[in-house]
Each structure stands twice: as C-alpha cells, then as structure tokens.
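Data block below; observations after.
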Amino acid sequence: MTIFVINPNSSQHVTDGINRAVDPMRAASPVPIEARTLHEGPPGIETQAHVDGVVGPMLAHCADLQDRASAFVVACYSDPGLAALREQSACPVLGIAEASILTAMTLGQRFGIISILSASIPRHMRYVGAMGVMDRLAGDQPLELGVLELADEDRTFERLKQVGGTLRDTAMADVLILGCAGMTAFRTDLENHLGLPVVEPCQAATAMAIGRVALEHTR
Amino acid sequence: MTIFVINPNSSQHVTDGINRAVDPMRAASPVPIEARTLHEGPPGIETQAHVDGVVGPMLAHCADLQDRASAFVVACYSDPGLAALREQSACPVLGIAEASILTAMTLGQRFGIISILSASIPRHMRYVGAMGVMDRLAGDQPLELGVLELADEDRTFERLKQVGGTLRDTAMADVLILGCAGMTAFRTDLENHLGLPVVEPCQAATAMAIGRVALEHTR
Amino acid sequence: MTIFVINPNSSQHVTDGINRAVDPMRAASPVPIEARTLHEGPPGIETQAHVDGVVGPMLAHCADLQDRASAFVVACYSDPGLAALREQSACPVLGIAEASILTAMTLGQRFGIISILSASIPRHMRYVGAMGVMDRLAGDQPLELGVLELADEDRTFERLKQVGGTLRDTAMADVLILGCAGMTAFRTDLENHLGLPVVEPCQAATAMAIGRVALEHTR
Amino acid sequence: MTIFVINPNSSQHVTDGINRAVDPMRAASPVPIEARTLHEGPPGIETQAHVDGVVGPMLAHCADLQDRASAFVVACYSDPGLAALREQSACPVLGIAEASILTAMTLGQRFGIISILSASIPRHMRYVGAMGVMDRLAGDQPLELGVLELADEDRTFERLKQVGGTLRDTAMADVLILGCAGMTAFRTDLENHLGLPVVEPCQAATAMAIGRVALEHTR
Amino acid sequence: MTIFVINPNSSQHVTDGINRAVDPMRAASPVPIEARTLHEGPPGIETQAHVDGVVGPMLAHCADLQDRASAFVVACYSDPGLAALREQSACPVLGIAEASILTAMTLGQRFGIISILSASIPRHMRYVGAMGVMDRLAGDQPLELGVLELADEDRTFERLKQVGGTLRDTAMADVLILGCAGMTAFRTDLENHLGLPVVEPCQAATAMAIGRVALEHTR
Amino acid sequence: MTIFVINPNSSQHVTDGINRAVDPMRAASPVPIEARTLHEGPPGIETQAHVDGVVGPMLAHCADLQDRASAFVVACYSDPGLAALREQSACPVLGIAEASILTAMTLGQRFGIISILSASIPRHMRYVGAMGVMDRLAGDQPLELGVLELADEDRTFERLKQVGGTLRDTAMADVLILGCAGMTAFRTDLENHLGLPVVEPCQAATAMAIGRVALEHTR
C-alpha cells in the first residue's frame, strides 16, 4: 500500500521537486510515498480550463491505482478534482491547497498566500470562500513571475522575500503558504529570513496523509 | 447574434423544458435565445465527476458558437465550467446557480434552495461559500426524489410544497430557488401556494443575460 | 410601459448624465427608458439625512408613475428607499448600488468601490454588510473630491486612475465599481487604463432592469 | 440636561410603556430620563416606508431638544434615523435594536430575536448584517401577533414562551431579545420561565445611554 | 521521543479510554504515543474556570516532558492552554477540538458537533468563531447527559443516534464530531447507524500529530 | 456597593493610570468605582500563559469582593477570565477589550486597534473572531514599543499618530481603539490629532458597567 502524490501536470521536473520535498518524511511514514506525473496533463496548470481539464484523466489514473492506495494527495495548488476523487475513492484524499491552509491554521492566526501570478488569485479566493475560512486570510499576493522566470532562483527568492515581507508587515500575516507546488526549495530559507512559519503545500498535505493513513487503522 | 443556453447534459427533454421556460422572454429579448443540448454530456449531472467532466466538451461547444454568441448561459445548477468559459469567452457568461442566487438577493433577504437530492447539497454549499453569500442563505433542503421520480408531477409538487414550507416557516426563507434545471413547470404554482417569490434558475439567468447583452451596447 | 430611472437629487445635469450613460441600451430594451429628476431632492445626496429625506418624495413620485412603470431604478449610490419602494411597488425595483455589486460579482471575485468622499464609506460599509457580501469586497477608497471639484475632468480622471490602481495592486481588486451616479463619462477610459472591468452603476442597474422586465413575461 | 428617549410613533401608550420600563433606572442616572412621543409619526411603525418616513420629523424634533440633551435613545426596533441623528448630534445617540444586540452579546454567545410579525424579519436581517454580527444570531422568529392582538396579554405571553422556547431549544439561543418596544411588561416573567436572560431593548439602550453620559465626562 | 496525549482532567478512566482510542494507530506511528493524566486537574472539565484552571499545571507538566516530546496533544474538547502551550513549546502542539474540526472539514462540508451538555455550547461557539470557521458549522446539539449518566452505554448511544440524526436531517450536517474526549467507544457504531463520517477528536488529533512529527523531518 | 475595576497585573502604576482614566466618571456613577491591583499577577501581561495564569487568582480575588460588588471590570486588553468570572458572578461583568469594541461599534463602522506589540495581534484576532465581529475590523497594527519604551511619552505619541494615521488612511478605520490598559493619557490628544473618535478601553468598560448597574435596578 502506498501514498500516491499525483502531480496533475506533465512536467517531470515538478514531480521530481515534489519527491525531494517529501523525501525526509519517508522514514516516518508507515507506507511508501510515491510521486507520480499525470502525463495527460498540460506542462503547467495555469488556467481554469487546465484545472477542469485534468480531472477526468486524474480520476482514471487514480482508479487504476486504487487497489494499491493508502491515500491520494492532489499536488496542484488549485486542488483539481479533489471533490470528485473523494466521491470516487474510499481512502483518504488530500489536496495541497486545502491541507496547506488547514495546517497554517494551526501555526498562526492569519495566513498569507504567496501566488505565482495575480491571475490565479481569483481562483484562490473562490477556494478560500468555499472552504469558509476567509476570516483567517491575511492576503494573497503574487510574485508575478512566470514559470520560466521561476527558474532564476536568485530573482525568485528576492521576490519571495519582498512579497512575504509585505504580507507580514502590511497585512499582518503570521504564517505564510507557498501557493504553488513548484517552490519547495525555498521554504526553509524564507522561514529563516522572515521569522515566520512557511508552509510548503506538498509537504503539508503528505504529512496530513500520513496521519490519515494511521487514522484508518482505527476503523 | 444569439443568447445560447447550454444544457450540459444530453437529455433533450431537459433542453425542451428550458426552451419552454424561457419562451415568454423571447419577445422581450434584443436577440434570439437558443437552448442547446451538449450531446457529449451524461443524461443527468449527478456527481462531481459529471460536473468536472462536462467542462471540456462544453468549452469546445461554446468555442464553435463564439462568433454567433451574444451571451452564454450554463444551464446546470452546479454551474460547471463557468469560470473557465469566462476565461475563454469575451461575451457575457452567466450560470444558472449564480444568477438565481443574485436574483433572489433582490427579491428577499434570505434565500432557500430546494435541491433534488441531499447529495448535491455539499456541492451547493461550496458554491455559496465561493460566492461569499452564506449569510444570505436560509437553508438548502432536498426533495430526495431521483430524476425518474421527478416525472411523477403530483408527488413532486407535494414535496416542493413540503420542503418550501419548511424553508419558509422553520428557516425563515423569504425567497426560494428551484435548485435544478428540471423543475421549471412548478414555479408559478409553488409561488401561489407558498406566497413567496420562487426563482426558476434558467429564467433568472437568461433574464440577466438579456440585460447584459443590452449592457454590452455601452462599450 | 417604461423603465423609470429616478435620480433622487434635484440636479438636472446629473439626470442628463444618466440619460447619456443608458442611451446605448435603449435600442436593446423592450420598453422605453426614462431618466427623471426628483425635484424635491437636494442638489446632491451627501449625508445620511439626505438619503433618508428623499424616500418620502420618491415614493410619492413613483406611486404617480406606477401605472406606466415596467420597472424602477433608484439612481443614487446609497439606494435610498429601495426596500420601501419594493414594498410599495409590484414591478421590479433595482438600486444602482445593489445592482452594481451583483453585476461586479459576475465579472470578478473581489470588487473595489471608488467613492467620492471618505464620509460616504461608512454608509457603503453598512450596505455591503446588509447585503451580506463583505467577503467579496476588496476595498472602498475615496477620491476625496467634492462635487464641484468633479467637474475638473482631468483632475478627476487622474484621481480615478490613482485610486483604482491602489485598489487593483494593493487590495487585489479584480473588478471596480464607480461609487456614484456622476462618473459615467469615465468608465471606458478607466477600464482601458487599468485593464480591469469597471462597472458604472446606472448602466448596470438599468441593464438588470431590462432583464427583469423580460423575466416578468414569464408570470 | 436630559436623556431623551424618542418613541417615533404617535401612540402615547407605547411611550407610557417605555416610561414604566425605564423608571427603575432613574434613581441610578446622573441626569433625568424623559420619554417623548413623536406626534408626526404613524400610530405604529410597521413598514419600511414608516421607518424611512419618521426620520425627517425625528431629526427636527431632536434638533429642538439638542441644547438640553445629554443623549438620545431612538425607541423603535428598526432604529429609524440612527445614522442620520448621529451625524446631526454631537451627544451620544443610541438605538434600541443596536443597543439590545450589543448588550445581548455580553450576556450570551448566540442571541435570538422575538419579532412581532414575520414581515419585520427581513428588515432585522439587513440590520444584523449591517452591524456585522450575523454569526452571533441564533435566529429571529415571529409571534405573528398584530398590534391589537398584543393587548391580549395571556395570549401574547403564551406565544412568547413558545417562540422563546423554540429559539432556546432548536436554534440554541442562550440570550433572547424582545424585538419590539411594546413588550416591556413581559421581560421578567419570560426570563423566569425560560431560564435565559431576556433583553428588553428600551431598557438596554437607556442603560447604555447612562453609561455614555458618564463617559462624556472624560472629554 | 514520544507523542504525549495529555488528558487535563484527573480521571484515569478517561485516560484509559483515550489509550484505547489511539491504540490502533501505534503501529503506524514513527514514535510511541503515551496518554497521560494531569493529576492536578479536576475529575472532569465542565466549567470555564476548570478550563482556565488547568492551563498552569498543564504547562508545567509539558515543560517537564519537553525533552522527550515529539508532539503534544491536548485531550479536552475545550482545548485548554492550546495557545499558551504553542508559545512555550517548539514541537507540534495539537488540540482535539481544533484538530477534529480541521479533520471534519476534509470529510464533509458542514460539520455537526454533539456536545455532552448545553452549557458547553457557548464555549464551543466562541471557539468555532475564534477559528473563523462558523460558516462550516451545521449545528451543535447537546446530549444533555451528565458524566455519570454517560456510563449508561445504551442510553448514551440512543441519545447519540437521536442528536446525530437531528444534525444530519434538520441541520444538514454531512460529518459529525464527538464533542468530548469520553465518547470514543461509540464512533464506529454511530458511523454505521447514521451513514455519515464521525470524527473522534482524540484520534483525529493524534493522527494529525503523527503527520506533523513526519513533517518535522523536513526541517 | 462598588464597581470594581480589576487590573490583573501587579503594577500599581497601571492601576493608578486606570484610576485617573475613570476618575471623571465617578461623579456620574450611582456607586463608587474602585480600581484594584491583582498582586498575584505578573508585572505585565504579555503572553498567553500570563493571560491564562491570572484567571485563578482573579476569580478568587473577585469571589472575596462579591458581596460588595455592583459590577466587575476586567482591565486587561486580553479580557482574561471574562467567561469564567461571568459564570462565577451574578452581577454584571465587563471586559475592556469586549466593551471597547462594542462601544466602537456605535461610534464608527470600521474600528482599528492600536496594539503595543505584534505578538499580541494573533490573540486579538482570536478574540475578535470569537466575538463574531471580524467584518467590523479595519485592522490591528502594532506600535512595536515595549512596556519600558511606552514611558517615553513623546516617542509613544509619535508612534500612536503614525499607526492611527495608517489605520485611518490605508485601512479606512473610522474609529480607533487603544489596545492596552496603559495608554489612557493619550486618548484626547490622539482624537484631536486624527479627527476620529478614539476609545480608551478602561473608560469604555467602566461606562458600560455604570449603565449595567442602572439596568440591574429593573430586575
């Protein structure tokens, strides 16, 4: 049995980053953790059509894995197909956006989200509203860096420090969330720089999945 | 140019019902109104997987119609693909759930939703939360009648009266919404029986689309 | 039958501006649209006493028009007498504040309001709260320009660009509302400058009234 | 100097009831308390038009009293003209609806409102929304007794017990508010019967006014 | 290193029940799980004074354990001292009320809480408000069974079925939470009877602690 | 009988400041007002452990005073033990945080809180959430001045003007609250400088207590 972390885009290097991010947790997990690429997905999930479009292939992919699945983690910050996968699967299903927010709610009172692009913020706001936790949101601010630009690590970290600092000082955030599956490498440095807890969503969701696999033992 | 009302399920009789529901508005519309069936859709949209699954075909269907479209109405009470279609299309796009709620907000202070099945209520609650209007919701109560059972009009109207009465008297709803595209025939009788305004969502959304087509003239 | 747009202040030039703003929609409306001045009103509605004070004369004015009315639009951003007029009149009644907000809720996820003066913001906040849509509000920021100063179009547009830009960039608004009946001339230019949809409230409410007149045909 | 409690309807017996309700507080007040009838008002305030219509005369009435006023209390559960009177007057101004709700918020966690008629509930809901305290509302339920029927004290008390019991047991209210200026006589008996604190709004607002008169001494 | 589950009352049989409840998770936990009794606590935590009173001794107790602690779980449904213990301790700290609510938010859209006594509901409501998740609450209904009466298992289960059924059918809850650390034995039977997921809070919090211990490995 | 204002820290100079702040109200109070120092408290209440730790001694202190108490005011901006003291005491009990917020809600539509240190803001946010009034909060911004630094009055007033100005101009606060019992001396000057009402919490709570003592006469 395995915890499957599904990267719903087709970029193997994103899956590789998720693998590195969750690797330290493998020793503490009662089951293996396997990050998988959804080859039918687009290279990156940037629009609402991308979000909706990966649901069908992802449900099929997870149906094939079901017999070996202890839990599923949907590893895209729009949590595509989360509700549908929960309807389809009897095992625990976590989404990285939802899990990162729930985790942040135990680490601070007002969470700030650092998004890649401002275009994704309305989608996040609909989701925070659907979760019913708008009163805990300090703010959601964009890096305004495209996917290619993210590869420039110095520039990305510079923007992370700026945006995170604004959320901390102006919006009074006391915990931050990296609003994308592709920024795992910056978490610790950003935490040290800003003096606030920073939640990396793939790690947060996988951690919660580990707990839920344990919880299933009580059934 | 035309207002296209898209029924994202494949049941022609549902499309026919929508056509009858909006027919009286044709005389008042500056453009024709055309209800269409999405043949790629399932016979009825009952699960979250159905909701997510129709988005791709519906976006393609609407892309083909774009040159002739004054506006689009998505005629399923889960508003599948509403955000994606708005990203894709430059003309006004309305969803029947959103439009019925916004219309109800001008007719009363607390709206009640009459759902077909309790299974759809969590989906509605996520949506009401995403819209940020939870404080206006009086309640959402199910008929608990399956699609086949709806065909028994006497029984359906009996349940509509019961559930609507409970929303009015116990939950203090002062306006009701029919939470499904397939109950258009009952609106007036229910309104008369309960003494409250009842919003039929296909009509409400098409009416709003007519207004928005007019508004486009100001650009 | 006619859609009456009631300017509850006594300034004919404001009524003239409303007329110009809604003029392009006349071709698409099933009934004539007539903007009217409430001669009993003050030259401008600036205080809560003004808001409350125009209700009585406006109700009388509308009672006289009732037999010829398809719908009423109350054209002051405080929506004076909206609830009372709905109690008095059987036809659709829209207010420009309410309708602009409901319209903005279909064009973006977080609306920003551009007010004339900071003194009107508490009144707006009570109203947004009464509507139950506070979670959709990005912010409400004032031009701090008096009515006379508004006549200086260059200066007004300069301030509109500044305040709108702050709402977009700092408060993360993705749709803006002109919070006054007297700024209709600036909508398109502001939209182009900021790259966001801008809702002019007299247009939005009249458009919604056109839709509602069509909807009445279903009764 | 005097605390003026303004009954904005023209019924002297309502003013008399208010006088009796606040009488025990006179000994504890630093200034006299005087209940006054607004003779220009309607016999009872039952519609939104009534609410809006009394504002003008009430502002004039209070302007005449201003030189002798320590504070004003608006004694109608719709708080007509509260915001306008605050703009007009430099001394403390309290409304019985607002003050009763703020007082209830210190006596319990979820307040229930007992209204006379269901027709007033949408008005109350707009007000609770404008106050931003919807999350503290357990419910608002009507006696459905007209003003004449209220005179039947046995029947009224019977209904108060029923409605209050429903709010306590079904809606989990832990404090109740009498949502009308005309039920002062029942407070203590209802409190004893239900075992919950019951807030009589004229008393609550006048008590708060006494405190605010004291607070003015710190200026 | 150990996950310490602190029962802040002095009743060993409650601690024993917690031990049984979390026992199946021990095999899946990377560290031992130890339930402990706070001998300085009262036999049961029933009042706000009890809640506040156990904080000091609990902080001291946990300070002594800190060197051996992977995580702490506060096992009383009022989460006494949760914020203070988080200030004091660098390791993960979970409370059973908070964790049960966050877990329920992944299992349904509207959670219902089954409380022992109505007296604890205001305390719960303050907490749900402080968590900012009131929009997800379906309702909180009491068994109205005292601690001694809980020992009568047949009667307790009868009440659990009644109250849970009311939350499901009237308040439209789609997930339930046992609002007390002492009802662990009934979870599975109640789940089977009602057809809804039921969250036992000690299990939910310990599961989340297991995940958080794993997450600490990423630092 | 006396209104007891309990300073739950052990610093006599804070108690002296409270005494000066409420002194002008003594002439208007029906009973004496006595500020008291809780000698068992810490010199200042800065952490959640301090907040929780003073509850026990404060409850004992108030139990001793109960026979002579008309009302209690808890004079620390974290309202330690407010709920517990209400359970223990039959007379009115006010907390300075709650009372200052309720008072501000009658003086403006959006209140801003000026805190001493950013570390107290999460505590305030939990409290504003528990009160259910988050929609009325404009913002909470810190002076970032330690207790010793507060003694430098020029510097403190400079920071009060800066932070208050930011809350007014950026967060659109129209009423401000001094979020600490130790800034009573600055209220009037800050009010004059900013042109907004400023609520000093010890005064606001004591004023409300005076009103509630009067209200008790109606029982």
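The letters A, B, C, D, E and F name the chains in turn, as written, and every chain counts its residues from 1.
Here, a contact is a pair of C-beta atoms (placed from the backbone, for glycine too) under 8 Å apart; a residue touches a chain by one contact, two chains touch by 3 or more.
Note that the coordinates shown come from a computational prediction; the quantities given were computed from them, not determined experimentally.
Colleague: If chain B and chain D share one sequence, what is the angle of the rotation that overlays their CA atoms, in steps of 5 degrees?
Modeller: An angle of 120 degrees brings one copy onto the other.
Colleague: Quick one: report the Å distance separating chain A from chain F, using the average Cα coordinate of each chain.
Modeller: Once rounded, the distance between the two centres reads 41 Å.
Colleague: In angstrom, rounded to a whole number, how far apart do the mean CA points of chain C and chain D lie?
Modeller: 32
Colleague: Between chain B and chain C, what is the separation of their C-alpha centroids in Å?
Modeller: Roughly 27 Å separates the two chain centres.
Colleague: Mind pulling the residue numbers of chain A that touch at least two other chains?
Modeller: Where chain A meets two or more other chains at a single residue, that happens at 122, 126, 129, 131-132, 134-135.
Colleague: Taking the top-of-page definition of touch, could you list the pairs of chains it picks out?
Modeller: All touching pairs, sorted by chain label, are A-B, A-C, A-E, A-F, B-C, B-D, B-E, C-D, C-F, D-E, D-F, E-F.
Colleague: Report the residues of chain A in contact with chain C in the complex, numbered from low to high.
Modeller: So the residues of chain A in touch with chain C come to 118, 121-122, 125-126, 129, 134, 139-141.
Colleague: Residue numbers of chain D touching chain F in their complex, please.
Modeller: Result: residues 21-22, 24-25, 27-30, 94, 98-99, 102-103, 105-106, 131-136, 187-188, 200, 203-204, 206-215, 217-219 of chain D touch chain F.
Colleague: How about chain A: which of its residues touch chain B in the complex?
Modeller: 47-49, 51-53, 55-56, 59, 80-81, 83-84, 86-88, 122-123, 126-127, 129-132, 134
Colleague: Quick check: in the complex, which residue numbers of chain C touch chain A?
Modeller: 108-110, 135, 172, 174
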